[in-house]
C-alpha cells in the first residue's frame, strides 16, 4: 500500500496532526515525524549547526527534538528509515496559509521537502478565525479525498498542493477550487515591549490582510466557502523577466 | 541619497558582510541589521514564539540576538527605524546559493523580505570551493555595480535578484549572465553519529550536486566563470497547472 | 491534604516522572510542572532573556516550553497557580546525582527552587548503570516513604534532601543512610568531532569517577546497596574560612 | 608567568569583560573564553545535548557559540588548549551577585568550574544601580589587587572568592570585608504578558530584596561602601544536619 509521511509545524501534540493521522490511516501506511513543539513560521529552515535527536513517541510516530518541519521530512526521507515513502502530507495547520504566508509556513515547507518522492505532496491548513469551530474533521476528510484522488489519478511528479479548508462543517463547504496565491499587504508593525528589567524587546507583528484577494485567489475561495487548492512550484525563477534582465545587464534599459 | 539595508545569514561578524558594507558605503546610506551568529539554512523563518532583542554594534550596525535573516529585515523595515529604506542587499554569503539552495538560503530570504521596498532586492553569494581564494572583494564590486545600475535604471518593483559570483579575481570574470535556477539531486543521506554518552544523533548531510545544471542555468554560468544573476519571484503558484488542477478536482484526469 | 509540586529535568514524558507522580498521588494533591524536553545539566539556570509559555498536558500536568527545571518550579510557586504548594519533589532522575553532580543537576535545582515552601524539598535519582534494571518503582516507593515521614515528622524549613536510590528491586535495598557528598575527579576531556561540512565541534565529556567516595559519602552508600540521603544547604558561604579571609584581606597571611 | 582564564556571563562583547582583561593583562598571561551573548542566570548549566562551536575573536579571546559560562570554562580547561591554566577570574558582571544570587549566577558558576585549577578562582561583580556610574575600572583594579595577593600568598586549593564591588570611584571605597552570604526574600511574582497573537507568556520577575542583610553579610558590606569578599564552598552538604537526618531516617524524631 501507499506509504505516507505525515508532518506538521504545530508540533507532535497538535490536534490537527492527530486528526490528519486518523483520516489517512485507513488509506495508507502512515508514519509521523513531527517537531517536538510549535515551529510556526519556520519556513524551509534546516538545522545545520547542531545534530538532531529523534525519539519514538508511539508506533509510527517519531519526534525530532528542536527540529523544524523541514528537518523532520528531511530526516525521514534521507536515511532515518529503511523504507522509502511515496508522499508527504503536512498539517492540519491551525490557521490559514494563504498568499505570502506560504513563504513563511512550516506546513508548506514540510510538503516542499517531500518534492523528491513519487507522489504529490500536500499541505493542509484549516482557516480558523477567532470563535470559529475548529472543524479539523472537515480538513481531515478533504485530505483523505485528495490522497485517494492522487492514488487513483497521480499528478506530475513534484507537484505540491497547498490546501486551505474553511473552518466549517463538511456539509457546508461549497466545493473545491483550483486557485492562485493572492498577496498580503505588508505586516503590521513590530510590537515594542519591555522585559521586567526594563529592557526593550520586539515582537514580530501579525501578518497583513489580503491585498490581492480577488477572483481566482486562495483568499477569495475560502472567503466564499470553497476549499482552495493551489499548485505550487519550487522553481523560484521569474522566467518572464529573464530576457529583460539579460538586456538590463548588457546595459540596455529593462 | 538611497538608503540601503544590508543583512546576511552568516552573522554580523562575517567577512562577507564587512566587504559588502564597505563596497556599498560610497554609493548610499547603509544600515546593517544582521543576526548575532551563523544562521545558514534559516530560509524565510520568522521568530514568532519569543520577542527579539537588538543591540547596536556600531554606528549603523545593529545585531538581532538569536534572530534569523528574515527577522533582521522584518524588524528593520517594520518599525525599528524611523526612516524607510529603499532596498535590501544581502550577503556576501560564504558559499553558493544555486538551484534548490534558494529554498533554504537565509541570504536569499533576507532579500525576499525586502520585496515591499521601492527598489529591487539583491542577494549576493560567493561561490567558494575548498581551497578557492575567497575573493569577497570581487563580489563586493559586483554588488556595487548592480546597485549603481538599479539606481540609474530601476527594475520593476519587487524584483529580487539572486547573484552568485565565481570566487575569482575580478579581472578573470567572463561577465554577467541572466540565468534560471537549476536543480540539485537529492541531498546526501543524513549522517548518523553518537554523543559521548552513546546516544544517537543525526546531522543533515551536504546538499546534492547539480542535476539540472545545463545551458541557461545558474550552475552553468558560474562553472564557466560568469556572474549568475537570476530574477526571483515570490509567487509560488504554478500557474501552468491551474487548469489541469481545476479539471482534476472536478474528477477529470489531469 | 498536602500539596506537592513535582518536577524533573528529563522532561515531562520521562518514565521517572510518571512513576513519581503515581507514587505520590495516593499521599497528596500533586501538580506536575515539567520541562518540555530533557534539560539534564541545566543546574539552577533561570530563563531571563525571553518569556516562557506553558501548556496543559493533562489535568494537573503543565509543561513549560523550553523551560529549565528551575523555571518550572519558579513559575509554579511564583504566580502560575492561585494556591500555594507545600513542598517540591523532583525526579525520578535517570542516573545518579552524586558528589559534584549536584552542582550541575537540574533535578537538584528543581528541589532547591522549592526551598521557600513550608516543607522539605526532595530530589530523587535512580542510580542506573548500563544494563541495570531501571527499577523506577523502587525509587518511587522510597520517595513516597520519605514524603510520609516528612508529613509525620517535618524537618526544619528549607531542608533539601538529595536522594539517590540504587537500581535494585526494593527488597534488595540494605536501608537508608544519611550521607555527605563525595567528590568526583575532573571530567573526562572534551570530545572533538566534526560536522559533515568538516568544521570542528566539541562535546562535553562524561563526568569523572568518584575521587572521594569513602566512608560516609553518597558514592559509598549506593555502592553498598543503601539509599543515600544527603541534606543540602543553599548557603554557599565557606564559613570556616571567614576569619582566614579577613586576615588575608588585611594583608596577614591566611 | 601565571596563566589566567577569563570568562563571564554577559557575553564576550561586555564592557566588564573588556575592563577585566585590561586590568589583568599586566599581571599574567590571560586567555578569554566567553559566551557569544548574555547568559545571565545560566548558573552551572552545562550543554550536554548538542556539541559546541568555538570561534577565535582575536588573539587570546575565544567565543563559544550558544555556550554557557560553565561550558566556556569547561572547554578551556578540559582539552581546548594544550596548556593548563592556573586560575579563573570571571566577570566583571554588570550587577550584584549577593546572597541567593550566587545560586543562579553564571559569573559565579564560571569561577566554580575553575575549582580544579591550582590557584583560587574569583568571581567579580559590580553592584550597579539605576543611575550609578558603572565604575568598571574600580572593579578591575580590585580584581588585579586580589590576583596579586593570591600570587603572593595563595589560598587553599579550591577556594572560590565571590567579590562584589560597590559602583563607586576607587577612592571612595571604604575597604574590603570578608563576608557571609545573606539571603533574599522570595522573588517578585512572575509577570504575565501576551504575545501579539493574544497568547499568554510569563516572564521571570526580578529577584527579591535582601532579607538577611544584617551584620557580616555581603549585602551589608556593599551597602556601606565596602568591597565584599565571600569565600564559597562547593560542598553543598549540610553537615550540621547529618546526625539529625540519620536519626530521622531511623524513625526517631529529628
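So that you can tell them apart, the chains are marked A, B, C and D in the order they are listed, and the count of residues begins at 1 in each.
What we mean here is this: a residue touches a chain if its C-beta (ideal position, glycine included) is under 8 Å from a C-beta of that chain, and two chains touch if they have at least 3 such contacts.
Every value quoted in this text rests on a predicted model; they were computed, and no experiment measured them.
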item: Reference chain A; chain at largest CA-centroid distance; value: D
item: C-D or A-D, whichever has more C-beta pairs in contact; value: C-D
item: Distance from chain D to chain A - Cα centre to Cα centre, in angstrom; value: 46
item: Centre distance in Å when chain A and chain C are each reduced to the mean of their C-alpha atoms; value: 41
item: Distance between chain centroids, defined by C-alpha means - chain C, chain D (Å); value: 22
item: Touching two or more other chains - residue numbers and ranges from chain D; value: 38, 48-49, 51, 53, 65, 188, 193, 195, 197, 203-205
item: In the complex with chain D, residue positions of chain C that touch it; value: 38, 40-49, 51-54, 68, 70-71, 74-75, 78-80, 100, 102-104, 106, 109, 112, 116, 149, 153, 155-156, 159, 161, 176-181, 183, 186-190, 192-193, 199-205, 229-239, 241-246, 248-249, 253-254
item: Residues of chain D that touch chain A when the two form their complex; value: 49-51, 53, 65, 188, 191, 193, 195-197, 203-206
item: Contact footprint of chain D on chain B as seen in their complex; value: 36-38, 48-49, 51, 65-66, 195, 197
